[in-house]
Structures are given as structure tokens and as C-alpha cells.
């Protein structure tokens, strides 16, 4: 029985990127849909679960993607609501690469820093990748500072993560200028910059003056997020700081993406959300 | 040469259901199109018939589907009009599963009742599945009562079927309430309930008081069409009546669908309409 | 690693024709996109170039098609602008079959006439196929007369070709009626009729009175472009003129199309435009 991946993309044109990775992960038949909405996804899901017998449903799976992460979350929820008890297939959500990127960044940080008990800062922490990175750092027991230009949004993100991660230590911090960023980094061992493309968040001086052990910049559009971290940096040590750029994290991200797609076909009840994808990435580190 | 199935779906998103069945029937390459209209299908058909040589055209075929059966019929006709003499490919129409469902229901009924000469009632007989079931029952020589809330529409359906089935015995019946349904069932050996989802057409009392030998309910949304027939019933005998629910008929339907898809690639001139699909199902019974 | 062809079609529905040829050329995975515009193609191209490693990019390629050749040219240009240095894939443009048809016509003409130094006329020479045929004839050293009802547009086409073909000898000619067509053909050895479908450009008398050695008509909709050339003519000699109709050229066109698709996967930096596709066709003649 051939493996079928049904790709639900919230963009008009389904992502070429996600299709290529699906093919390279070994998917035999890929059904790519663009312009998918929570309202229209139900009958498509029913088509996926009411064709093959229940014992063959592990050969069918669903991937939710697209550039709009909030829209993807809604489709991801609607897909799960359309299942009927055991009549279900495994589903993975990775709109805009948000889950695989956050997982890759935290797993890379973990190679160099003992996260549990140490301070980790996420700049751009209210965006889709930033929120996910903060959640995963909290899962690892880090004391997480969620940075945003808006303290209010940072606080909302912290509250949201706290409902999912028991015992999480989360502090919202306003990071509106160079001084407030320096303050946010005080005593921190880890920083993940997940801000908007083309916006510098940390100057070279601030980086040099920090106590950071690892600095990861996920921005791939110049000017980059951390002055002193190159896009291709991959565990480059300089001035006592291990540095990663967006491309430097990309290899790990791609491995996680591929492994998660393969995991979809192991059983028919997988729900690959932020944490599940992180755990898959974790298993690759061993 | 790889087998190619071109799926013309009248819905915006081409059916996942039809795609999965196509893959599982062995189709190697599936080109799925959504939003297909009679006006836009011609150039797509030309692309299918003017590429491979005439001797290879049996490796290409067309499937017409979608939730709107009337729209599918128009596309089915337009596809056939776009052929050029021997430059043609086989084509199957099964919008909303209408042909395979009707075929499965009648073939299942035939296992338990001698249809020729006996009375068969189709409730919801003017809908897409009901019309097709009535036509197939007439083909088998049954005396068919086509039930509808509107006697006028029932009569129109009877007239339409009479033009296609020589010597058909068809009677329109108004089935607007419990009493008229009981009257319609008087002396009938077979009933197929093909009404709207979630609408009960036959009460338990009416069923018990009838002379029916087989009762088939194609409604898959509670409340079901026949009180006393479960969705999963498959040849369940009780009170002298053999009962089938929508899921109980589903296995036969799926086998017919798969066999019909395979038949598409036997020659390049197949036209798989209601009767042709029924004949394929019939050949599976032997 | 599976070969992936990403088809960017400017029509709403991606061409079935191009998909079938892609499958038959051996492409393993075909990602077909309809409604592609220069504005929306960039992120799709990035998905194609930022997934596989640079050494594997020769297994991914892009095909630009659709019925609107001008729109296809814009997408073709936008695709190339979206590449990043070595991060690129091979790309072929053949909207409406324009490049493969023009190449096939000129290669067929070349079998019968020494093009260098002889006069070749292209009627409908300002249309997408006509322009390309004129360019290829100029490349072969023919003295090309570009015919159009509008002398102004013919002149513009000549100027455009002159910028691409060094030393090209090009003359615009107005071909508004039978007399002007006869004048345009005076002394010509070759004519390619690439006018609008269903419009006759050369009468039987004009053809008989000409000095033509080869007459190729690419019109596939009656009335054909040259009275006396049948659609299926393939090197049919009559009255001293070797004749080709649209279908007669079609076999060569299809071979060029298939060979060009295969060429896409030889390296990751191919740009298959009019001349490159012609050169591929030329290599098949040997």
C-alpha cells in the first residue's frame, strides 16, 4: 500500500519547499492542496479517513503548512476535529517551518549550554517561531525571558505557554531598544533571536558585553538579527560565544522535518505539534 | 508507459476520497484538477488525447467527480464532446459516488430478492443516487416505484429513465408523510432509501408492517433514513427483512469503484456511466 | 534521489499536455501549479532551490508553460531572477509549445533547404511561434522576411531579433493581402506559416507560382494557413515543394520537448530558451 501525504497549505499555492522535503522523506504519493481553510478542510479529511481500512490508515497522513502560522494552527485544529474516533490519520503542523525551526534552535543550544536552571532569552519571542522556542526552552527547565517590543504581548505569550508547560519559569521583557536588550540579556547563557527578517536586534557591542555562551540568530535576511553572527555560522566559537546563523541551524531543521514526516507513517494517531516534533528531533541527537 | 488518470472535479478542491481510491487501484500518475467546468474542460481533454500515440491512449483515462452530480454530468458530457474520433480516452463519471453507490445498493438487493417482476421502491428517488438506483432496478426488470415528496419531480424522473431503459415499468409516487410511504411500500419486496442525509423516511412501525424482503438505507447521517436499519448493517436479517446501512453497502461500493478505475485502462474508448459501472459491479459478483 | 519537475503554468489549470509529456519523459515527481504570476513565483522558486543540497539540485527543475506566451516569458524571467548564485535549478520555457514548435519547423525546413544565404519567409511572424521561427532561421544564416499585417509590428520584431542574433539579415514585410503575400514570397526558398488558427495566408495559386522548396504550415484549425498543405503532411513533395502540416511537424516537436525535459536534469544551471531548445533539437537530427 502506497504512502499518501495530504498537504493542506493555507497559502494559495502549496509550498514547493514542503513538497520537496516530503518527496525526499520517501512519501510515495503527495496530494497538495492550496488555499485550505478550517471551514473547507473537513470533507478533505473525511476523504482521507473513510477510504482505506482502519488498519491501513497509518499509510495515509496529513501535513499542515503555509506561510501564515496562525491560519495553520486553525487548520491543524480543524483537522483533528474532523476525525471520528479510531478513524483518523497522523497529522503534523509546520506552517512556515515554525515547529521544526524552533526545535532545531533549542536542540542546537542544548548542545552547548545546560538549559535547566540557566537563563535563556528569546527575542522576537511573541512571533510564531519565538513562541515555540520559548515553550521548548521552558520544557527543558530554562528560566525563559520572552522579549518583545510590546511588554503586553510578551506577557500574553508567557501566560499562554504557562498553560501548556507545568512549572515553567517565564518572564516577559520589553526589548524596545539597545539598552533594554542589554538588560534582557543580563546573566543569560542563551539567546535565540527570532525577530522579523531584516531587523537587527543585538549589536556587536551588546553581544561582546554579554555573558552569553550560545547565540542563535534565525533571521535569514540582512541585516541579520545579531551583529557578529553570520547566516552560515554553525557552532562557530568566537569571544567565548558559540554562534549559529539561520543556515547553520537549517541542516538540523531539515533532519527534524524529514524524521517527523517519516514518523507520521508509523501509526495513524500521531499529532505532531511543537513538543512532539521537538521530541523527534531530540531522538535524532542520541 | 505509466498509467495516468486525469481527475476532473467540479468542486474547488479535488476530492481526497477519489484520489486515494485511484492510488489504491494502481494508478501510477494522478493529475487532479478542481473547479472544472464544461467550458474549461476542452483544452484539458485535448492535452490528454493529443500527447500519447493512439495505441498508447489506453494508458490515459479521465475520472469526473465532485459533490455536485448535475455539474459532473455536464462535465462528463463535455469531455466526450471534446474527443476526436479515435483520439479519445476512457472516462468514468462518479460524482458524489452516485454511480458506484447506486450500483452497490442494487447489486446487494439482487442477492436477496428476484428483482425481475417484483416491486422495488426508491425513496428519495429523484436525487442523484435515487435516480440511478431506480434506473438500475428497472434494467433488472423490477416494477419500480419512484418516491419523492413532489409527485411532479417523481414523474419527471420516471420519464427520463423510460427514455434510457426499454420496457421499463416505472410509477411515480408521492411520499410526503408516513401514510403515503406505507402506501408506496405496499406489496414491495425491495426498498432503497436514498433521501437527504439526516432525514428519516421509514418508521420502525411502517417497516414492521411491510412485506419487504430487503431494506437498504444509504443515509449516513443520523437520524438515518430507515428506523431499524443501522449504518453498519450488512445483510442483517431481522423480522424477515434483510437490512443494509450505508457502511454495510460501502465495501461493495468501494470494490466497484476500484474495478471501474482498472477497467478504464483496458481500452481507450470506455464510457463508464451508470449502467456500465453497474455491469462492472455485476461481473464482480460472479 | 527522485527527479522533480515543478511546472509553472500561467493558465488557471496547469496544462494536461505538458504534464503527460513530462511523465513520459521520465520525470518521477511532477508539481503542477496553475495561475502562476511573476509576482508570486519567487517563493515557489526558493522552495525549489533551498531544499536539496547544491549537489543534488540537478534532480530538480522548472518548466514554464501556459497558453499565454507573453505571460510565460515574464514568469521565465522572474524564475531566473529568484535564483541565488549557485543555488539554482535548470529551467525550460515552452508556453503554448512556442519554442519546441518553432524549433521543429526550422529543423524540418533545414532538411530540405540550405538555409544559409537563402530567403526564408515567416508569415504571422510577429506572433509567439513566428518570432521564434524567424529568430532560428536568422541563426541559421537565412535572409529572413518577417511578415505581418502590420509593417510596424514586423519591424519591431526584426529589431528585437537583431539584438539577439549577431549579423542577422531581417526584413519586415507587410502581408495584408494575396498580392503582398506573393510579393513577400518572391525568390524565397522557405516559408513557415505561423498565423492565427483558422486563417488562410497562402492560396493554392500563390503557392504554385512561387519558387518555394519547402512550405510549412503550423495552423491546426481549418481553414489551414496554406491551401495545398494538409495538416498531416510530413515531407510530402508535390509540384517541387516539400510540404509539412501542423501534425506533420508534431512528431519532431514532441521529440524535442521530451529531449529538452531530459536535458533539464543533466545539470542545475540550464536555461532552455528558444535557441537552447533548438540546439537540443539539432542534436537529435544527427
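Note that the chains are named A, B and C in the order they appear, and that numbering of residues resets to 1 at the start of each chain.
FYI, a residue touches a chain if its C-beta (ideal position, glycine included) is under 8 Å from a C-beta of that chain, and two chains touch if they have at least 3 such contacts.
These numbers were taken from a predicted model, which means no experiment stands behind them.
When the CA atoms of chain A are superposed on chain C, the rotation angle comes to 120 degrees, reported as a multiple of 5. At the chain B-chain C interface, residue numbers used by both copies make up under half of all numbers present, so the two copies contact each other through mostly different positions.
Distance from the chain B centre to the chain C centre is 46 Å, each centre being the mean of its Cα atoms. Annotation: 46 Å between the Cα-based centres of chain A and chain C.
Within chain A, contacts with two or more other chains are made by no residue at all. Here chain C touches chain A in the complex through residues 1-2, 4, 6, 29, 31, 33, 35-36, 40, 43-48, 50-52, 60, going by the rule given at the top. Across the interface of their complex, chain C is touched by residues 12-13, 15-21, 23-24, 30, 32, 67, 254 of chain A.
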